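The two complexes that follow have chain A in common; it is paired with chain B in the first and with chain C in the second.
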Partner chain A sequence: MDILVSGLLLAGTYALMALGLNLQYGVARIMNLANGEMLVLGALAAFWLYINAQVSPLLTVVMVGPIAFIGNWLIYRFLLVPLVKRSKNQGQLEVDSILATFGMSFFIVGIMVSIEGGFFAYKYLSETISILGSTSSLNRLAAFLLAVVIGGSLYLWLNRTRTGVAVRAVSVSTEAAGLVGIDVPKMSALAFALGGAVTSMGGSLISTFYTLDASVGVIFTMKALIIVIMGGVGDVRGTIVAAIILGIVETAVATLVDPGLTLASAYFIFLLILLFRPQGLFGRRTA
Partner chain B sequence: MKRRTNLKLAAAAALALALPQVALAEDTLKLGIVAHKTGPLAGGEKVTQTPNVQLWIHEVNERGGLNVGGTQMKVELVEYDDKTNPGEHIKAANRLINQDNVHFIVAPYGTGFNIAAAPIYGKSGYPMVAVSAITDKVDELAERFPNLFFTLGTTTAFVEAVRDILVEQRDAGNIGNKVAMVNVADAFGIELADVARQAFTDAGFELVYDKSYPLGTPDLSPVMKGAKASAADAFIAWSYPPDSFGLAEQAIIEDLDVSIYYSAVATSFPAFFGAYGSKIDNVLGAGGTNVDDPKIAAYRQAHEEVTGATPDFWASANTYAALEVLGQAIEGAGTLDRNTVTQYIKDNSFDTIMGTLDFENNFSEKFWTVGQWQDGVFRGVKGVNVDGAVDVRLKDGWK
Partner chain C sequence: MSRSGFKELAIAACLAILAGFVPLVFNNYWLSISVTAMMYIALCTSWVMFSGPTHYISLASGAFFGIGGYLVATGMSDYQMSFWLMAGISALVATILAGLIGAATLRLSGVYFVIFTLGLAEMIRNLVSWVQNNFLGSRGLYVLTDFTEAHIYWMLLVLAAAAYFLGWYINRSRLGFALRIIGNDETVARHVGINTATAKIVLFMTTGFFGALVGAVIAPRYSYIEPNQVFSPELSFMVVIMALLGGAGRLWGPIVGVIPFTLVWEYVSLQFPNQTTMFIGLIFLLIVFVLPNGIVGRLEQVAVKIRQGGH
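The block that comes next holds the complex of A and B.
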């Protein structure tokens, strides 16, 4: 039971890290290596506002969403659209966007170091709670609930609304989507901005139980990347399922075998999936 | 169009090259540092190293600079970021030596970085008074790198101090025989855990939980749940900054019932208390200081006034003291000749905020090993040749 509860809570955190990247990579086709930095930026906002103005991180989460949305939209519009326009095929866009966002990640780290070079150390909602006999803390539960809300609404939005269908169409094929009259650049910008917003909001919440610093973004980028690839690029369900698998397996290995093997187990599963289902759990085979 | 861009570039480059020369008059002493401004060690550097370099330079320049053989020289800092990357570090160190021609350098933050940089600086004779470098191989290293000095202690000293506390508390009947030990799975954590495993077992303790976890583990709750289930009397963690915080967090959540709780690096950071407040009262950690010592108290006050930051309760004071050693050696030798200054450090003793420091085989044996949060202050409880150690208190809940 302990494993299940802790594993699911960890999965919620993982889903928060990866959902945004999935939108950005799956729909806008931008392999955003600054994903982790965007998350840490959200964390920095929560920390800074809490320390300097006693703003509740939960309120920051709400504020960070729209700001990150606009910020990421601007990034896409002015920094990434030129790359999209000049790239002749998917491969070239991937290489270009990796380089561009890699550079961007250093830029964001630099800005964050100039604001706070030390640890973002604060605690919020770290009260102990008991879920089905297993102890955990309120802030992890909050992160889990937010992950459920974001994941659920993304899923509904993508499947039940007209815009959602358009976004999914772009995710399947930019050419075909354009042919049936979908505004591909607009949908891509929307997906990228939304992805950034989700990631930053996740970061704000995650900062209540992780002690982060300006430079840890790359760790989150790696984890998110693994989850997105595992789940299948462009599929929200896949990301959530992959996050749950990783969360539960890591917790189980740490509890039953040895905490030293958590990383190894995560990469082992990743390898298995790459070997037997290279397109990811819910991914489509490219024709 | 293209030519104009080139011209602009050339002008910018010329300006960039010219600027430092304008700023550097004859009577400035250039002090170089390769810092971890970003990357995994940036958080530690920012707390322990950066503000002390700033403070020391401020204090020296405030009193008119260093007196080098009759010339008053103001100190100017030349600084590079290495992103906590050893390769970048070496490149930047070479740049300091060959392009900036700095007179002296500040030893880097982190054991590995000191050892990596020692041959580079050694080739040009730069003395390195290292602080944040703890190893059992001091003798071997000092032989290979005669320019490298150690001031913060050895792995064994740190482990033995923890063992002594455990033994004392067991003899006093306060704790039993069971110890839970965890370590971060990198060179630092593994070395300490290996030494500790032997030392604790030899002292008759039973390691009821002994696990490692990877650096940057996102969820330490399985580790803490395991430690709790082992029903240990004492919890010892050879941990690094992010996980020292994470372990304390989980210990609070799980309400870990131990009388002795120790986590290694970053426990002495003011941010640690800032995050958990009174809940971490009586938590033990690596380091310590004697805040009642008037010299240390004055230093702490100056640190806050000049840098706006609270110094940590461990290596901050040592870092400042190491800079004092370097400054006094330069003044004492009365020259910028680095070999003479290195020899001066070996041959003399220095009056610092940590008291009198002298080096035997490049090792200064005066340092704190274990401290404890007691009512909001992290006080030294164990040390080597230091005064003012207070009694260890038992951990009693996480309120």
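The block that comes next holds the complex of A and C.
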């Protein structure tokens, strides 16, 4: 029970970062390997503002969203669009975007190290509470609830608004979306920026109960990728289910075996997915 | 074509022989830099063998390198095995591991492969630390040999030359031809009857083999080994950077990339020790935006232009 509760609470923020990556890869077709660094940037903002100005991390989340949106939009517009235009096919774009986002991730880590070289450790809402008979802390619950609100509104936006439908159409097929009059480059930029914003907000949330440091981003990139592949590229529902699975399995391994093995357990899931359902949990097999 | 292939090999052989004299001429400081450079030349050459033709970015070098270093250290420290035996075992283990990774990921699209190798070194490091702490008792591992820096350098040179020769040989073989077709268009490759998965897996296994051997050979340099230190994800990125900087389209591209990068890196890490990560990031961006085919690709472009201008 303890494992289920804390696994589920952890899954909330995992789902956010994976949703962000899924928007970027599924719609904008950019394999963003700097995703984890976007998350850590959000965490650093929350930490820095709390330590230096006593700003509540929950307020920081609201501020991080628009800033990260603009930042990611600029990155897409000025760094990635030239690559999209240059590439002759999807494979070429994948290689180029992987290398370019590696560059960005190292660059961002470099900047973050110069701001704060140590751990982003601070205490916020760390009172213990009891949920369904198992103990947890208030910050985990608050982070989870906010993640549900953000993820929920993203889901509604994608399914209920005109722009949301356009974004999903691009994710199904760029050519077909272009033919029915959707501005594909604009939607891709929007999806990329939004993805970055959602991931960074997830980072601010996770920093309230999880101690990060500047170089930990790649681990989160890895986990987000595993979730996206497990859930299926472009599939919001699948991403959420996959995030819950990863959150619970990781928590189980951390409590029952060793906390040092969480990445290994994520890899184990990844391997199973690759061997048995490479198209994702809910994905349909393409020929 | 065939004649120019042999000419290339002859030039490489001359360079290798010349490189063999480095420890006799250089002082200790330069020799130590040369060892590092030679280590990366060996790693990058074997990286280019696989990633050059297939365009699959492998980040597994750190993991294979770590297996080499760690197995040599455990075997010598805990089981009194000889260095040579352990180096052989580690190469075997890494080759098998590469085969398994390849079998799991290389049948699918390239992205899965990159993602899988991205966290590989870190994951193996976690597993090894866990085993070490819980079952073997956590103590440092010592690699005590009577190798000097010069011996290590020569061994690395032999490995680099072997990797180059193998790459040259594969390039001229049916396998190399198959790989170039895969790299250009995998669907076409499948339709003309190439077993694409097997070809990729076999080539990836050679990368594992050389990675582990380099890790094993360099282990005596550090004498004291910890899993945290040998399974380094940074190493994988360094290999990718240097190989791409030189140019992955040619087997000798890495040599052109490694030597300037090692020198600049030495300077940057001395002068700006806190900005090294940012520097790596900038070089990656430089490669993607300015030198997509590496220095070699740019030189060839210039050469073509000059030739056309002469007409």
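Assume the second predicted complex is superposed on the first by the 269 of 287 C-alpha atoms of A that agree within 3 Å, B and C clash if a C-alpha of one lies under 4 Å from a C-alpha of the other, contacts with A are read in each partner's own complex, and residues count from 1 in each chain.
As a working rule, contacts are C-beta pairs under 8 Å (C-beta built on N, C-alpha and C of every residue); 3 or more make two chains touch, one makes a residue touch a chain.
Please read all numbers here as calculations on a predicted model, not as lab measurements.
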First, second, both or neither for A:G152, with chain B first and chain C second: neither
Partner chain(s) touched by A:P278 [first = chain B, second = chain C, both, neither]: second
Which superposed partner A:T251 touches (first chain B, second chain C, both, neither): first
Partner chain(s) touched by A:Y267 [first = chain B, second = chain C, both, neither]: second
Which of chain B and chain C A:E94 touches, first, second, both or neither: second
Which superposed partner A:P66 touches (first chain B, second chain C, both, neither): neither
Which of chain B and chain C A:A121 touches, first, second, both or neither: first
Partner chain in contact with A:L33 - chain B first, chain C second, else both or neither: second
First, second, both or neither for A:G103, with chain B first and chain C second: second
Set intersection of chain A contacts, chain C complex versus chain B complex: 106, 109-110, 113, 215, 219, 258, 260, 263
In the complex with chain A, residue positions of chain B that touch it: 37-40, 42-43, 46-47, 50, 83-84, 182, 185, 211-214, 216-223, 225-226, 241-242, 245-246, 249, 252-255, 266, 269, 271-272, 274-276
Chain A residues touching chain B - in the complex, by the definition given at the top: 2-3, 6, 9-10, 13, 106, 109-110, 113, 117-119, 121-123, 126, 128, 135-137, 209-216, 219, 223, 250-251, 254-255, 258-260, 262-263
Residues on chain C engaged by chain A in the complex (per definition of touch): 55, 57, 104-105, 108, 110-112, 114-116, 118-119, 122-123, 126-127, 129-130, 134, 233, 237, 240, 244, 274-285, 287-289, 292
Residues on chain A engaged by chain C in the complex (per definition of touch): 31, 33, 79, 82-83, 91, 94-96, 98-100, 102-111, 113-114, 215, 218-219, 221-222, 225-226, 229, 258, 260-261, 263-264, 266-267, 270-271, 274-275, 278
